[in-house]
Structure formats: structure tokens, C-alpha cells
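Letters A, B, C, D and E name the chains as they come in the text, with residue numbers starting at 1 for each one.
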Amino acid sequence: MREREIREGHGSMVSRISRFISDFDNLVPAYALMIACVALIGLLTLPLLTYEPDQIYPKTLNPSSPLNPYDRGGAPFTAAEVHAQYPENAPYIGYVTGYLTPLSRFFAATTQYMGTTIVAHPGGIIDEILYYTRGLDTIVETSILFVAFAVASFLYRRREE
Amino acid sequence: MIGEIMAGDHYLPGIAIICVAIVILMTTFFREYDDLHRLILTGCSEVVALCIIAFLATDLAEALILPGLVVSLAELVALSEIYINKEGLGLVPAPDRTIEVFSSAPPIIAAILVIYGIVLSGFTGGAVAGVGLLFYYLCLDHKERFALLETVSGYAWVLWVFAFFIFMMLPAYWFFAVMMAGSAIFVKVTIKLALIGTMKPDQLLEETDHV
Amino acid sequence: MIQYILFALATGLLFHGIHRKLIARIQGRPGPPVWQEILHTLKFSFKQTWIPDTASEVHFVGVVLISIAIWILALGVVIYEGSVLLLFAIYLLHKIVEHGMGLSSGSPYAKFGAIRSVISAASELPLFVTILLIYYFTGSLMLSDIIQWQASNGPLIIPAFPAAVAMYLIILSKMHFGPFSIIEGKEIVSGNRTEHFGVWRAGLEAGFAIKTYVLLNAFVLIFLGSFSLPVLVLIMAVILMTLSFVCAYCPLLGPYDTVTVQSLVTGVLLAYIIILEVVL
Amino acid sequence: MFDLPIEGPALFSIPFGDIVDYASPYTLILFLFAALFTALAILSRPEQHADIIFGEDGVYTGRIPGPENRFQRFMAIACGLAAMGATVSGDIFNFCIFTSMVGLTCIGIVASSGNRHVLNAAFEYGIVTMIAMIPLFGGAAIVAATTGTLSIWELAGGAIAVPFVAKAFLVLGVMGEGMAPFYVAKAEITRAQGAPYILMIHVSSLLIFLRIIEIIITI
Amino acid sequence: MSETLYLGLFILIIGVFAVAFPRNREYLTRLINTEIAAFGLLLVFLSLSETIALVTFVAVNGISTFIFVRIIERRQG
């Protein structure tokens, strides 16, 4: 009870709130409360949201293809059809999507169930987006990984030495 | 065309359910004052965040999920080290791991995962191979060269940035750029994740003194 | 431009002097003469100057230059009727100057000032809502458009009264001796200005004088409209006097009380915006 | 190129595929500010930390040890680069990633501090940055799903309605990553040593906050 | 495939609920409850045919679980 009093403060409304926010243990609850409020608003205004049917990089499924679910067409060293945001900024768009390495062509010819492996192998739509059209995202992302490991290994080494 | 039609039809119910999940999860943060519990709860919030992205249901969604995954993992790695440091959780005797499978299985499992990771390449491959190496390092004694591995990973990162600039400036050479990017990111992610396996509490690293 | 900067500098310093004089009179003290701040700045310019041994040298000096530079930039935005958003960005970047001033010297008192300046950064929130309200009414954030809008629709202060209150609060939180100036509380000596003296102090005073001028000028331009220079200065002086009254009568708030008050004002304003959205 | 009456005309743009970085007078000044403070972090040495021991007359000063200093500087530079990227990014998701990099590097800057109190605050801050992933990436994903694009240029001018929830989520996310208005934990973090680096935390968080305001008014 | 989708969402909600209101407040219990939610997410990935994300998530989730277990081990050790 006493602890609760210290945590929530007493006196006027303003000083109660001040007491609450001045303890950084209450930071996470305060932030979580705000997110919960916005999520509730989102729930209430849900009918206002509409899914835009005209998306960039739309998905097409072709269950009979050995590349399923990532068959986006295109032959090696020709451009496949890719609906990017600014195709004019990427003159060779679609080439990565269409490309299959010899190994993935072997997989595609042999079995129907290796679609994910084939597309994760160099070439394919995901590589097109991650390396080419949205390559900057990937740069930042690998940098984040780099920074995080710098922090972790710095702390680890300092502790263990 | 199944993907598109489905996403449009189920977007609103999906978001509604996720909003409910967010509200439930956030009320937990309101009651939880234990630091480690909070850390575990953030793991759950990452799942919810990825679920919102997944509902985009295009190829773009996956291109957004992969960075999201990596960011959350990176933050978790950094925060966990800060937690250990701030709580002063020092060396603890290693739990007795003399289980037979732990000495025989690692090389095989690690080899399978690493080979499959090489085939996949890129992030996905890096993550898969990283799990394999992590398992290997975790179970067996090792004398890895911490500094050497980090250097290799740094060069791999530079290689990937170089590949990105080929894409931007000399797009005609996209083929080399794809190969370079795929392998560089693979190497980088694999090494980073494998290093987690080497961060064991019961191991003092003699090898890293010269760093 | 250069004569305008000098004018703004002199007027701003004079305003500071009037501010001090008025507060002193309200509190029953004689107070310094109104041109005291101008003399102060001149005096500091010729006094001995050095950098404390504990300080981070480049930073210690850089902060002073940055402070002058950003407020001259802000003055340029006001004169050439640029974007209000840019003006407010500079207002927020001023926070960095405050932090930097306190942190760079290595003195514990200055550091306390910097820590309090970090706490008091909640004054960003009313600012944010002010921008939203202005944009809601005028559909533009360029000062020229806002002035034109007022020429045809009357002063913005009438429809957007809450925004004016919020911006008044923002200016108030930057005034010396005000209820929100926790970074200069006397219990921490001179707060983050403790270690800056000599030319550095003169530079800071100059930057702050331009700041006061720009903020008052922007308030008049945004909420009342465009006036000829003498009228403009007169209106600014009147607003300054109301600020001095508030500063003289209000005690210094506790550090976190300032955060609470400013957040509450923001909450009220947000509610006002939401009501506007729903009703209109 | 666009010319909205919000921040002035776009001055120039640098295309990186789908992500087009652009500079308006507003974002250019934010960018230069980030660059300036990054340069300051590179150039200046940290201050000597003065400690007054209670019950004594002595004031003790101390320098940050070498490895800590190098690490802090590295983190501060990374933080500055991330802030620079965030200020000129023309893509909402790209901005979000830069923002989360800012959050992570901010923790990194104080992580080397040995002070338990500072580490506690840094941990709380870290938890908030991890929770902030929900609103930040969630907001970006809702924008993409309801408008079919992530480019700020396409969304600018209100031609395509961006739902209120998405905007609110984005603001909340940036608040969490940069801790812009909740300075409670940050005030504690400020107690750590190394002025040029600690200052970078504030610079970056203010810049991303200013940028998100611009973004949500623009779209 | 929409059954899979809703099953995934259902499991996600159950997982989140279990994380939010655990029967016994042990670190490991909570971690395992988080895995329930993660399983729901996997089903969502599967039904939306996002299989690369699925594979990566499985791998990354394994690593993050390892990190959690490592801290919990230290905490209790």
C-alpha cells in the first residue's frame, strides 16, 4: 500500500501525474497504454479501412508450377513482368526475377515441391525486391544487425575479460 | 490469383483480430514490472507486428517481413546483453549437458542446415545456416577465432554494399550483383548468428585477448 | 539582411531588459535599466575568455556558433515568409543547443541544467498540435499563405484560439524567469550556462535575443497577420509584457510538473482537434 | 518532384530503385543538422566528467577509458548516419527502418556505461523501442495495404486517403524509437559520460520526430 | 485456405492471451506461451503463401528462443 502511494503520489492531480511519469519504471506502462488506446481507435474505425486492390508487387499463384508459390514468369536473361513503384528507376527490372541458376532449374525439373528453395536461391522475385528495387532497406537492415552485434559483443567481451 | 483475392476479403477481420491482440498484450505491459518478463513479452509483440505486415499479402509483404525479423532479432540480442550486464549476472557453472545426442548429432545437423542454407543463400539461408552453426558451437567445445569471424563478416557487409552500388549504377551487370549480394548477405548473417552460439557464460575466451 | 539581424539583435536584447525590469517592478524591486542586457552583451564581448579544462573543446565552442546560426536562419524564414514547419523545427533544434551547452562543459551544475532541459522537452507536444491546427484552418504551412489567408478571413487567432494559447505557452516556456524555465533554476547555479562566460556568453545572449525576437514575430505573423515594422514591434512588446506578468506572478514549477502541464494542454488541444474533425 | 505548401518545393532527389530520397528545404536543413553533429562527434573529445563526493570538498574529474570512448564514438557516428538517412528518406518503410536503427544505436551509445542507474534506464528505453515495432512497422504495413504504395511522393497532397490509425501508429512508433516526448528514461541516460555522443541521442530523436510530423502532414 | 488463416489468427489470440494471463508466472512458461502465438503466425504465413518468410521466421525464432533460454538460465543459475 505504501509503495503504491509512493508510486502514484498524492496531492493535486498535476503532482500525482508528475510523480507517475517521473519514475521511469512507469514508462513502459504509459507507452503501452497509448498503443492500446490507438489500437482501440483502430478497432472502432475499422470500417473506414479498405484493402487497396491495386498493390505493387502483387502475388499470383500457379499451383501447377514447380516454382509455386513464387512463379512470377520470365525466362533466364529476359525480363519478367514486375509491377514496381518506379520502374523507370530500375532499367533492368524483371531480370533477377526471371533468372534461375542451373541448380534451381534442376530442382524445378525434378520436383514440384521445392518452390521456396528455388526462389530463395539467387534469382527470383524476393531477391529482386530485396537487392534491387528496395536495396536500401536491406543496407540499413544489415547495418542494424551489425550495430546490434557490436553492442552485444562489446558488452560480452568487457564482462568476460 | 488466389493470393490477391484472399487478402482483400480477409484484411479487415484480420486487422480486427490483431487489434484485439495488441490491446490484450499492452494491458500486460501495464501490469508487468519484472524486467525479464517484459523482455519475453516484447518477443510476443514482435510476433504481432509481423502479423500486421503479413496481412499485406503481396510479395512486398515478404520483403518487409525479412527486415522486420532481423531488426527485432538485433534489438533482442543487444537488449539481452544489456540485461545481463545490468543485473550483473556473471559466470554460472554450465549445466551438465552430457547427453549423448549432444555430442554426436551436432556435426550432422549443422552440416545439413549449413548446406541447405548455402543453397538458399541471402537472409533466409543465413538464418538457417546460422541456426546450424549455433547449435554446433553450443553443444561442442570450440576454439573459434572471434575477431577473425567478425572481420570476415565486416568484409561481407562491404561486399553487399558494393553489390548494391552495382545495381544502382551499372544495372547491366545485375547478374554479378545478385550473386555477390546473395553470398555476401549469407556469409554476414550466418557469422553474426553463429557468434551468438559462442557467447557462452562458461567459456573464457583466451583467443580474443588480442582484439 | 545584415541590418535586419542587427535590428533583431538589439530589439531582442531590449526586450530581455524590459522583461527583467517589468518583473522587478511587479515584485517591488527597482530592477536594472532596460538597456542593461545590451550593455551586458557588450561587456561580455570584451571580457577574458577561456575554455574550461574539463570541457569538450570543439563542442563547447560549437554550441555557441550553432545557437547563433540556427536563430539567424529562423529570422530568415520569418523575413522571407518561409515554412512554419521549418521555424518550429529550429525551435526544437534549439533544445539541442541547451543540452549541448550543459553537457559539454563537464561541470556538474551545467549537467543538471542539461538533464532538466531533457526533461522539459515535453514542450514539443503543444508545438506539434499547434502546427496541426494551423494546417487544419489554412491548408498551408507557408507563412506567406497564412498571411494571405488572414488578409481575407481575419486573424487566425479567432478560429484557432487554442493553437494561439499553445504557442503562447511555447514562447513562455522559453522566457527567462518563467514558470517553465527549470533549466535556469537558482538551485543549480546558472543551469547549463554556468560555464559559458566571456565571448561565449555574449554569443549565447545574442542568439537568445534573436530567438525571442523571432518567436514573438512569428506569433504575430501567424495569429494576427502582417503589420508595418513599428506596429509589429509595438504588438510584440505588448505580448512580451503579458509574458512578463505571467513570469512575475507564477512560481517556478517542479521539473516534472512542467511536463504534466504541457502534456495536459496538448491533450486538451488534441481533443479540440478531434471534436473539430467530428463536428465539422 | 512535388511542391506542397508545407515545407517548400523538393530541391532534388536521388533514386534508389523504388526508394527515392529527396530533399526539400526542410529535410535538407534537418539533414545538414544531423551531418553537423556527426562531424562534431567525430572531431571533439569527450568532456572530463566531474564528480562531487558527498561530505568532502573534493571534486574529481575523470576521462572515459579508451575502448569505451571508441565504442561510444562508433555508435554515435552510426546514429548520425541513421538520422541522416531518416531525414531524407522518401519511403515510409525505409524511414521506419532508419528510425529503428536510431533507436538501437541510441541504446548502444549508453550501453558501455558502467553506471547501473544509466543501464537500468537504457534497458527500459530498449523495451520501449522493441514494443515500438508494433506501431512503427504496423503503421507502415497498414499504409501499404490501404493505399497500395509506400512512397511519400505518391501519397503526398492527400490525393490518396491514409487512414488515421496508420498515421497515429507511425507517430507512436517514432515516439517509442526516439523517445521524443517521454524523456524520463532519457533524462537518466543523460547522466552517462561523453557529451558529444550523448548529445547525438537527442539530436537523432528530435530529427526523426520532426521528420514524422512532416510525413504525416504531407500524406 | 481461409480456414488455415482463421485457425492461425485464433491460435495467435490464444497465444497472446496465454502470454498475457499466464497460470504460473515462470519465465519458461511465458516463453513457451510466446511460442503458441508464434505458431499462429506461422499458420498465417502459410495460408498467405509467404513461405520464405515462414522459413526465415522458423530459423530466427529458434535463435531468439535460444537467447531467452540463455538469459533465463543465467538468471536462475
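Basically, a contact is a pair of C-beta atoms (placed from the backbone, for glycine too) under 8 Å apart; a residue touches a chain by one contact, two chains touch by 3 or more.
As the structure is a computational prediction, the values presented were derived from the model and not from experiment.
Colleague: For subunit B and subunit C, what is the smallest step count along a path of chains that touch one another?
Modeller: Minimal hop count between subunit B and subunit C: 2.
Colleague: On the document's contact criterion, could you list the chains that touch subunit A and likewise touch subunit E?
Modeller: Of all the chains present, those in contact with both subunit A and subunit E are B.
Colleague: If I count C-beta pairs in contact for every pair of chains, which pair wins?
Modeller: Chains joined by the most C-beta contact pairs: A-B.
Colleague: Of all the other chains, whose mean CA position lies farthest from subunit D?
Modeller: Farthest chain from subunit D, going by C-alpha centroids: E.
Colleague: As a quick test, compute the distance in whole Å between the mean CA positions of subunit C and subunit D.
Modeller: 24
Colleague: If you average the CA atoms of subunit A and of subunit C, how far apart do the two points sit, in angstrom?
Modeller: Spacing between the chain centres: roughly 41 Å.
Colleague: How many angstrom lie between the centres of subunit A and subunit B, each centre taken as the mean Cα position?
Modeller: Chain centroid spacing, subunit A to subunit B, equals 13 Å.
Colleague: Please output the residue numbers of subunit C that touch at least 2 other chains, ranges allowed.
Modeller: Touching at least two other chains: 259, 263.
Colleague: Can you tell me which residues of subunit A touch two or more of the remaining chains?
Modeller: 21-22, 25, 28, 31-32, 35, 42, 49, 51, 53, 55-56, 59, 61, 69, 90, 120, 126, 132, 134-137, 140-141, 143-144, 147-148, 151, 155
Colleague: Can you pull out the residues of subunit E that are in contact with at least two other chains?
Modeller: 49, 52, 55
Colleague: What chain pairs are in touch here?
Modeller: Pairwise, the chains that meet the contact rule are A-B, A-C, A-D, A-E, B-D, B-E, C-D.
Colleague: Considering only the defined contacts, which subunit D positions touch subunit C in the complex?
Modeller: Subunit D reaches subunit C through residues 5-8, 25-26, 29-30, 33, 36-37, 40, 43-52, 59, 61, 180-181, 183-184, 186-187, 190-191, 195-196, 198-199, 202-203, 206, 209-210, 213-214, 217.
Colleague: Inside the complex, what are the residues of subunit B that reach subunit D?
Modeller: 11, 15, 22, 29, 35, 38-39, 42, 45-46, 48-50, 52-53, 55-56, 60-61, 64, 67-68, 71-72, 74-76, 78-79, 81-83, 85-86, 167-168
Colleague: Spell out the part of subunit C that touches subunit D in their complex, as residue ranges.
Modeller: Per the touch definition, subunit C meets subunit D at residues 53-59, 62, 66, 73, 82-83, 85-86, 89-90, 92-93, 95-96, 99-100, 103-108, 111, 114-116, 118-119, 121-122, 124-125, 128, 131-132, 135, 139-142, 145, 259, 263.
Colleague: For a test of understanding, state which residues of subunit B touch subunit E in their complex under the given definition.
Modeller: 2-3, 6-7, 9-10, 13-14, 17-18, 20-21, 24-25, 27-28, 36-37, 39-41, 43-44, 47-48, 50-51, 54-55, 57, 61-62, 65-66, 69-70, 72-73, 76-77, 80, 83-84, 87, 89, 92-93, 95, 120, 123-124, 127-128, 130-131, 134, 138, 193, 196-197, 199, 201
Colleague: Which residues, counting only subunit A, touch subunit C once they are in their complex?
Modeller: Against subunit C, the touching part of subunit A is residues 14-15, 17-19, 21-22.
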